[in-house]
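Two complexes are shown next, each including chain A; its partner changes from chain B in the first to chain C in the second.
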Partner chain A sequence: MSTVAELRRYFTETRRWLLVPVVLLAILPLVSEQHLLSIATQAIILGLFAISVDIALGYVGLFTLAPAAFFGIGAYSVAKLVVDYGSSFWLGFPAAIVLAAVIALLIGYGPIKRRIGLVYFVLFTLAFGVLVHDFTYTTTWLTGGSNGLGYLTAPTVFGIDLSQTVPYYYFALLGVVVVAGLLYWILSSDYGDVLHATRQNEVRMRYLGYDTDREKLIAWVMSATVSSIAGAMYVATVGIASPSLMAFSLTGEVTIWVVIGGLGTFFGPFVAAFALTIFESYLGTVIPEGYLLILGALFIVFVFVLPDGLVGLLQRWRDGE
Partner chain B sequence: MYELPLLTSSEFVTYLLNGISQGMIIFLVASGLTLIFGLIGLINFAHGALVALGGYGTLLIADATGSFWAGLAGAVVLVALLGLVLERSVLHRVYERPLLGFLGTFGMYVVIEELLSFRFGDQARQIAAPFPGSVSVMGASYPKHRLLIILVGAVVAIGIGALLSYTRLGMEIHATATEPETAEILGVDSAHVYTLTFVIGASLAALAGGLTGPVTSVSPGMGMSYMILAFLVIIVGGMGSFKGSLLVSLIVGQITAFGWLFLQPTYVRLGVFVAAMVFILYKPRGFFGKPEVFE
Partner chain C sequence: MLSIEGLTKEFGSLVAVEDLNLELEPGEIHGLIGPNGAGKTTTINLITGELSPTRGTITYKGENIAGRSPTAIANMGIGRSFQVVQYFPEMTVRKHLRLAARDSKRTVLSAFTPQEDYTEEIEEVAEIAHLDGELDTVAKNLSHGEQRFLDIAMVLAMESEVILFDEPAAGLNQSETEEVRQIFEEMRGDYTMLVIEHDIDLVRALSDRITVLHNGSILTTGSPDDVVANETVKEVYLGE
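So, the complex of A and B:
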């Protein structure tokens, strides 16, 4: 694992390159067909989801198996308000943020304050994730059960119909760039260093006077909140909030993206999530069942051979090893 | 005023036995997990896939040979071999790094499940029970195969319990789990003990998968729900405690069996998850667990 200084240098060096992918994504609608564009919309939103999970997993080292739960909480907040109460689509976002933050605080406070070990945290969040999924599946009166809550489309704003593919793509891109930019700004400040340092040597950070429990809890809530924002943006692309948005398989997928991209590298998980989601849709036309198989095999290779992920691979290549 | 549903004695016996047989399957899954966890400290997410492999192995070999027992034995041996290969090839390298071990076994789970789904499709398949039909138990007509599950579960519980308590291997497992360095100095080949324990755990998973086939049928994802339940069982029972996992499996089995009378099954599951979360926070060693010690 790289040291804090290395990572900071890495970020400063790459910062000026950040505009390139953003510009590329911005001109994508000019060159791509509708179908690919709707996949790309989902891919950038899932990329934001991967970044949010990387905060917990990579920056803080809180190994969570509940990201899909928070993603789903975001999706269901929007769907519930729009479908069942007929209220505004936009009201769904603050609702998703508040709900996810409150639940994350309630769930995270105990385990983080009591400093339970890695293994226990994994199992605790596993239980919570399955609990939320089963709850959603069972409480038909609240969540529509296995039918889910549908259908909804994004509204028209300032004369722009967001339910169309191209406008929603730009809306999602804008949202992802703003939220990810904000996160990047926070995490490349001293706070990001504090998180990295806490993960690497928590005891020493406490000796240095940092309240590591508080920092971890803040990062945990931040991670959950951004997951729910991603879920809230995602639900309009599928039009229905269903229990599959909370399923364990989504947690598995996002974990795989983050590890393949590189834990704690911010951009790696985004790139991996984006690329693999596009790859999935291409593969779907050839061998529909093959995606998870290839994903799993790729994942095993990364875990055992390249645990630093794609970004680690790039760094090694750049350092001439 | 809420009234308790009245149970006839034969219904009571049926529910009780359902609970025990369900609990025994959970126990077979949980005991393998808790052995591997207690000794190695590895959260073995591939365990659920090994359960499914045991189920499919039994199904295929039983179809080919016409004998359920040949199928079960073949599946257990094959999965044990696979466990041996996985442990010796990659897993033994990540024992010092629990995060990588967890992620790696999770990847294995995905690959095995998707391979099964790729080859056999997602639909559930039934295995023919070796003893079809029912037998009368205290006035209740009860399927013979479920009684067989209870019998096998009890034999395994006694067998593994005896192995841990009375044999040299059991002593070596205890010693390695408690004081690995001291055990090595005293001549225990800890790498050997780790491998054997992993293989025993894998065989137990395959046994569970094969045995449950005639009752719950076999599908690629069959291991997942058992495994999640088993993880929570070993927390409540105490990580690494063999006795604890047996007791809590049976309790969960009974709660599931009798809980159906009052609540939807999913609510019973929700209750188990909440209980597990409370245990992790306030009693992480569970009922019987001591730090890295078997009982």
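So, the complex of A and C:
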């Protein structure tokens, strides 16, 4: 066996490679300047956000246009408790999870149970996303309206001031590794195959005895909940929960990250979100309006030339194609 | 085993199945034949919950299952294959059989319990369905015949007691059809089977009894030789 083939086997058939990005991210503060580290903090949180969208879109085939709504619900849950009620930053996380899960269940149950079809589901989630976004603008007494809710910083824990860039980076990294690790555990079990199979042929799954409505609903709630966790972590990096965190542009962006990374591939969307967020910050200093143009062009290229995304490209490399 | 009484399905003014009475005996292979539009697939769709009957009962294990969902009926032990083969194109044969073999009621929390080992069941079913050399092949890369065998293998892996086959040899060449016959011979006696098939030679070779449907109603039921010799069957279906 050639060395290249051995390398391919080592990196693709074992899961040891998972440690490589974690170690690289862990040593990043040692080699990075503060500004880049702030961007990297946001990038790993947005990576988790992309994974959450991949659960709905890539794994089980629910094309949602509401991810930013759940991301925003997470951000507002933390901001509301900290800014308006002077409550604990940490209490915002369970609040975000419960609120997102309940709302996801309420709005997802009907369309999924009634099997309204792909197009109507897309339109339904689009309407929900727009509704939530407008709600934050108009209910100033609750959400601060266009000014948002701020200013907040992460607290000090065991003498570690999380409002500082490096500590919050490690907090975000730890949070993302734990949540993503839990999701990876679930999705690499037989349950991940149940979701994949439901996307590929729902009718066949029903005749194998699977309650596909239940599985889709679980995936939908799981996706919304993780989106809200990402939003809850993200808000401390910007200091304000504002309507822009619920904007359709964020939904569009995360959807493109998932497609570029590879639908249903778990790590692909994380890598795409991370890399493109870093890229956006660098490009912003050179061509301020260039990012969206390049993102759009990348999206077109991936849809037409590399529909399996970055992970599909790697798989072809592994298979020697 | 499975008893159908007075089963009727109307689509507006069209009566697809009318007052159908059918009894499947345990372990038998029962052929269901008839010209296009006779109501054969509608009958399978009614038994498996794809459609709800307008009237009539379908009794299985002492319960009337008419109108229940496909998921509930599959979990009671009634499996089916499809006229247009249904599979998961991006998954290997092994994963198909694993999904079919595992308890479908186990959901997300099952990820935190030990994953069952179905290797023995999977290999046994793959051997019966002539797929033992293809376990790690992705389904979309199988030949059409192998995809048909996979459809059959999935129903076997889910340990159904009653299996309904909708044209299992459709689109297969002569040697593949012979393989289907061999697979059914391997299964004979272990399952109760209802087989819709247009290949009359295959149905004759397989079936213990044959029912002929015409315009949604039963024309006759009997042994393969009796049915083929029936003058009315010759006239409306066999074209002799």
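Worth pointing out:
Basically, the second predicted complex is superposed on the first by the 308 of 321 C-alpha atoms of A that agree within 3 Å, B and C clash if a C-alpha of one lies under 4 Å from a C-alpha of the other, contacts with A are read in each partner's own complex, and residues count from 1 in each chain.
Here is the rule we go by: a contact is a pair of C-beta atoms (placed from the backbone, for glycine too) under 8 Å apart; a residue touches a chain by one contact, two chains touch by 3 or more.
It should be emphasised that the depicted structure is a prediction, and the values quoted were computed from it without experimental measurement.
Taken together through their common chain A, the two structures put chain B and chain C side by side without a clash.
In the superposition on chain A, A:Asp190 contacts chain C only, with no contact to chain B.
In the superposition on chain A, no contact is made by A:Val98 with either chain B or chain C. After overlaying the two complexes on the shared chain, residue contacts for A:Tyr207 are found with chain C alone; chain B is out of touch. Shared-chain residue A:Ile218: touches chain C; no touch with chain B. Chain B and chain C, viewed from the C-alpha centre of chain A in the overlaid structures, lie at an angle of 80 degrees when rounded to the nearest 10.
If you count the residues of chain A touched by chain B and by chain C, you find the higher number for B. For the three-chain overlay built from the shared chain A, the minimum Cα spacing from chain B to chain C equals 15 Å. Counting contacts as defined above, no chain A residue meets chain B in one complex and chain C in the other. Residues 48, 69-71, 74-75, 79-80, 82, 86-91, 95, 98-100, 102, 104-108, 110-112, 115, 154, 158 of chain C touch chain A in their complex.
Residue ranges on chain B touching chain A, taken from their complex, read 37, 41, 43, 90, 93-94, 98-100, 102-104, 106-111, 114-115, 117-118, 224, 228, 231-232, 235, 239, 264, 266-267, 269-270, 273-274, 276-277, 280-281, 284. Partner chain C is touched in their complex by these residues of chain A: 185-187, 189-191, 193-194, 196-197, 200-201, 203-212, 214-215, 218, 222.
Residue ranges of chain A in contact with chain B, taken from their complex: 63, 110-111, 114, 116, 118-120, 122-124, 126-128, 130-131, 134-135, 137-138, 248, 252, 255-256, 259, 289-290, 292-293, 295-297, 299-300, 303-304, 307.
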